[in-house]
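Next come two complexes built around subunit A: one with subunit B, the other with subunit C.
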Partner chain A sequence: MSHYEVKAGPEAYLPPAAASMGNVLPDPGQAHIGGVIVPEEEAYEFAARKFLEAKVPTIFPGPLVLWKWNEHAAEKAKAIRELANELPMRLIPMADYRPKYPKIDAAVEINPNHPNLTIWHNKIDVCIFVGVHCHQANLALKIIRGGTDCYTMAMCAQAGHEDACLSFRDATPEKIRKLTAAVKKLKSEGVKSQAEEFTQIKMTREGRVT
Partner chain B sequence: MCEDLADIMPPEYQELVATATFGNQDRGWKDIGSSKELIEQHSLCAGCPESIAFRYILASLPAPEDTVFVGSTGCTSLVFPHVAVQNIHSLFGNQNAIASGLKRTLASRFPGVEKDVVVLAGDGATVDIGLDMTMQSWFRQEKFTTICFDNELYANTGGQESGLMQKGFVAKMAPKGKNFDKVRLAEIAREAGCAYVAVLTVSKPNRVEQAIKNAVLVAREVGPTFVQLYTPCILEIGKQSMEGLDEMKDAESIGGRFVQKEFITDEAQKLLDSIKEETKARKKAAKEKKSVNA
Partner chain C sequence: MNKQVDLKNKRIIASNHVALGTKNKKGQTYSDINDIFYNSEQTPNFLTGSEVIREAVKRASVGTSVAYPITPQSEAAALIGELYAEGYVDEYFRGESEFAVMGQCAGAAFGGHRVMTTTAGPGTLRAMENFPMWAGSRLPIEVVVTCRGINSPLSIQPDTLEMYYLLETGMMVWHAETAQDLYDFILKGFIVAEQPDVHIPIAVCCDGFFVTHTKDTVDLSPVEKCLTPYDPYKAPVPCMDMETVPIRMMRDPFVMKSNYISYATHASWQQEVKAAMERSRKHTIPLLDGLIDEENTDREILIIGSGTAVSQSREAIRLLEEEGVKVGLIKIKTIRPFPTEEIREATKNAKHIFVPEFNVAGWLAREVKAILPNNERVYVGPHVAGGMTMPSEVIVEQIKKHLGMKTVPMVAR
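So, the complex of A and B:
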């Protein structure tokens, strides 16, 4: 079977599952870039470069890091905020998996049933999923590759995602911070972020503040 | 919520954390309107009694944060994706089999934490297609609650005859009228081993709250429980959106099909009495403490 490259879409209405095309998940200590297994260190730099060259780099934190299930989740959330501040990157939450018809506000949230709406609305060109349960992340990653040209990454706490353009596995706060460190390193070497000016979302119980 | 990301959470989630009644052991239907409800929206028809039944049930669960619903195919399955309580959609009819495995697994996975499993399905799933699984779970004394939304026909698919349809009723897809009596599911549940059985409409929220609380609490300690709620399909019986409440009131009046009834085993009654006493004592102590502080 020839290699199936998992690249940014639009692939088609229903892209094939990368696993069905022969792509396999990385082993511990590895990641994959476009379906090719690479050492994790290589993927940190590649991902950092992708973030820096993006116009609208965005983190999609999921329920596993938004809700304080335990101190580990809180620590991951802290690491995610550090990564977002370093670039800077937009933070758009996936708080749960309810379909929320018809009122989802694509400017400030994303759900796995219609992730393309949020990508289109905000013109997101590079994104990373963190803390989204695997079955929902797989669904969202496929929809994004099917209908948008966004480059997708996954910081997975389990075994990784074949359907992301780039995937890490066994995510921990330390690994998220390694990614932040890779961004810092490139910036110190003179690589400038191409991100457009934006103001981070800020919400209260009454509504959006910024 | 994690503090570092709390300020990006949409308002509805912040509201849920601030005012929903998770962890409040006295939560009930009276919280509706003053706290964040666990049902954000629904996709049922306007005026559907099922939607109000959902609101009362979700407001009455003793511990929604530790509850998992098991649903089945039907109108109810259109609502579950919207609720803020864990839920599983099963295949049409096997909901009680799924719930049996789930209850046992949760007991093994979370020893020392009371995890409630509640099946919520329509009459087709409970009585026709799933009757085998429903009854077998009762025979096995599985400790979870089964709630049946009884609308007396297959509403979602256009009005076919169901086992709980009343005799002689003519529906869109049952033009000759039903030849047999409505299945007496409450009596079957009692004989099959349910420790607590209730039949009622959802016209009175306090009654629904009490039945749901009784059913869940008895299921924790004693054995299987069953609640049959009349939630008429206003479309399929030719009513207007605002006529659902009247239909339920008619059905529960003297001589009606849904006059409220309960079957409670001695063991379950003893448990409910002790819970009542405990609640009374706790509220009295809280009141006294409040007056001392004042």
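So, the complex of A and C:
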């Protein structure tokens, strides 16, 4: 059967789940790029290059890394901050999965039920999900692929995501730092970040601070 | 559509958050699934299918089992109650109805337990609303369905019509041919259902009465070894409470809102459940040694079946062979996910395909017809229903009749 390429959209009114098109998840030590299984090492450089080429590269940290459930989560959060600082990249949190009323503040948050609103509002062209539960990540990845032109990546703590354009699996702080190291290496070779100037938003329990 | 997955020599990865080698309160050792099935001596036992369900549950580290007594279809629920009394199952109680049972199972699974139950026939239909709810909530509950008639007049004999209703619930549906399959499928079903990338419920079906009430020799893994418990922290969804979707969604106006976004979310959600089903292939193929079994599929005449229809077909093939008619066989082990590519490949040389079934609808023949090119090759039947047996001679008669060979109807003998 023909290979189903998972690429940035907008793809369709209701794009299919890549798994239903025959795409399979990588095994440990592997990643996928566009639905093609590759050695994990290959994906680090590809992802780093995508980040550097982007105008609005963005990290969507989910609840598994936003809250200190355990020391592992805290360490991952630190590694994500290092990655964000290295590029630099925006951090837009997916704090939980509840639908937002009366409407989402798309400038500062993302929600799996309507992630396209955040992508459109901020003109995000490359993003990476990390610390989002797999089910909610897949919901969001499909909707983003359906209606936006954003290139999606996932740093998944479990088995990975076929619905991302690029996916790692078995994420650890070390793997996130390897991604940061890949960015550093490209920068040292002269690849410049194309990211536009931005001010990182800051939130407290009371809401947005900056 | 599915891609063939080449997984030869791959190990099955199951959660080992509880250290392998440690013991549970019954003195059983938490063991790797590969060790249980492939590196341990399997001991033959002469058991009814219901007793086989008990033996599988005894080794499965089940947290909660909820029962609605469905005897006389199967004694399984009562036997699991005995396991609870002996300390092999942590929680066990009786629900008010099959509907209540499945809701209570959901509660226990939301709470992080490994959950299993049994049902059959009218009970399956009564519980039906819960099955897509389980799937949508990504609850890896296992239900053993000992199929029986669902319609009036009632029958406790096998009729696989209820499986037809399960096909689009979002649950995996496996169909055991024998008591040995039933034992293996129950234990292996937990492993596949609980994989983080799958994490959906599973119905392990067998033809009631024929499998549940008759005795057969079954190779059992050592009772001293059991599965590691379910690890709720590997779930692809957060622990669900009133503030967490999907429950929060259900109590919010979100789902009532008439807008594109809410419908798109719901559609994406359904797609994700189907995708999870697709992912189960990768884990199921090495565990079950493929989604189908093939015997002589290079022949021009093939029988495709599942459940005890396969056993009857084997005897029919032997009878036909005596008359010089050579027939091959495809046994389908997983109805959901459906082994589309495998069946296409196995039937590429077939000119006549027969699908014997224990139900009036002929749902398996429809499934097969839907995925095959040149599907005029598929002969829908023979059928029996309502608990009738399907003598092998009836399959022989249908095949010979279709091929234009002289037959004497079985009823006229």
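Criterion: the second predicted complex is superposed on the first by the 206 of 210 C-alpha atoms of A that agree within 3 Å, B and C clash if a C-alpha of one lies under 4 Å from a C-alpha of the other, contacts with A are read in each partner's own complex, and residues count from 1 in each chain.
Rule of thumb we're sticking to: contacts are C-beta pairs under 8 Å (C-beta built on N, C-alpha and C of every residue); 3 or more make two chains touch, one makes a residue touch a chain.
Please read these numbers as outputs of a predicted model, since none were measured by experiment.
With subunit A as the common reference, subunit B cannot sit beside subunit C without a clash. By the touch criterion stated above, A:L14 is placed in contact with subunit C alone, subunit B being left untouched. Once the two complexes are overlaid on the shared chain, A:V191 sits clear of subunit B and of subunit C alike.
Applying the stated contact rule after C-alpha superposition, one finds that A:R98 touches each of subunit B and subunit C. Contacts of A:E109 after superposition: subunit B is touched, whereas subunit C is not reached. Once the two complexes are laid over each other on the shared chain, residue contacts for A:G207 go to subunit B alone; subunit C is not touched.
In the superposed model, A:A181 makes contact with neither subunit B nor subunit C.
With both structures placed on the common chain, the touch criterion links A:V24 to subunit C but leaves subunit B unconnected. In the superposition on chain A, contact of A:L139 is made with subunit C only, not with subunit B.
Residues 96, 98-99, 101 of subunit A lie at the contact with subunit B in one complex and at the contact with subunit C in the other.
For subunit C in complex with subunit A, the touching residues are 1-3, 5, 10, 138, 195-197, 199, 234-238, 243-245, 248-249, 252, 254, 261-262, 264-265, 267-269, 271-272, 274-276, 278-279, 282, 341.
Against subunit B, in their complex, subunit A makes its touches with residues 61, 65-68, 73-74, 76-78, 80-81, 91-93, 95-96, 98-101, 103, 105, 108-109, 200-208. On the side of subunit A, the complex with subunit C involves touching residues 1, 14, 16-25, 27, 63, 96-99, 101, 112-114, 133-136, 138-139, 142-143, 146, 158-160, 162-163.
Residues of subunit B touching subunit A in their complex: 1-5, 7-11, 13-15, 18, 40-41, 43, 81-84.
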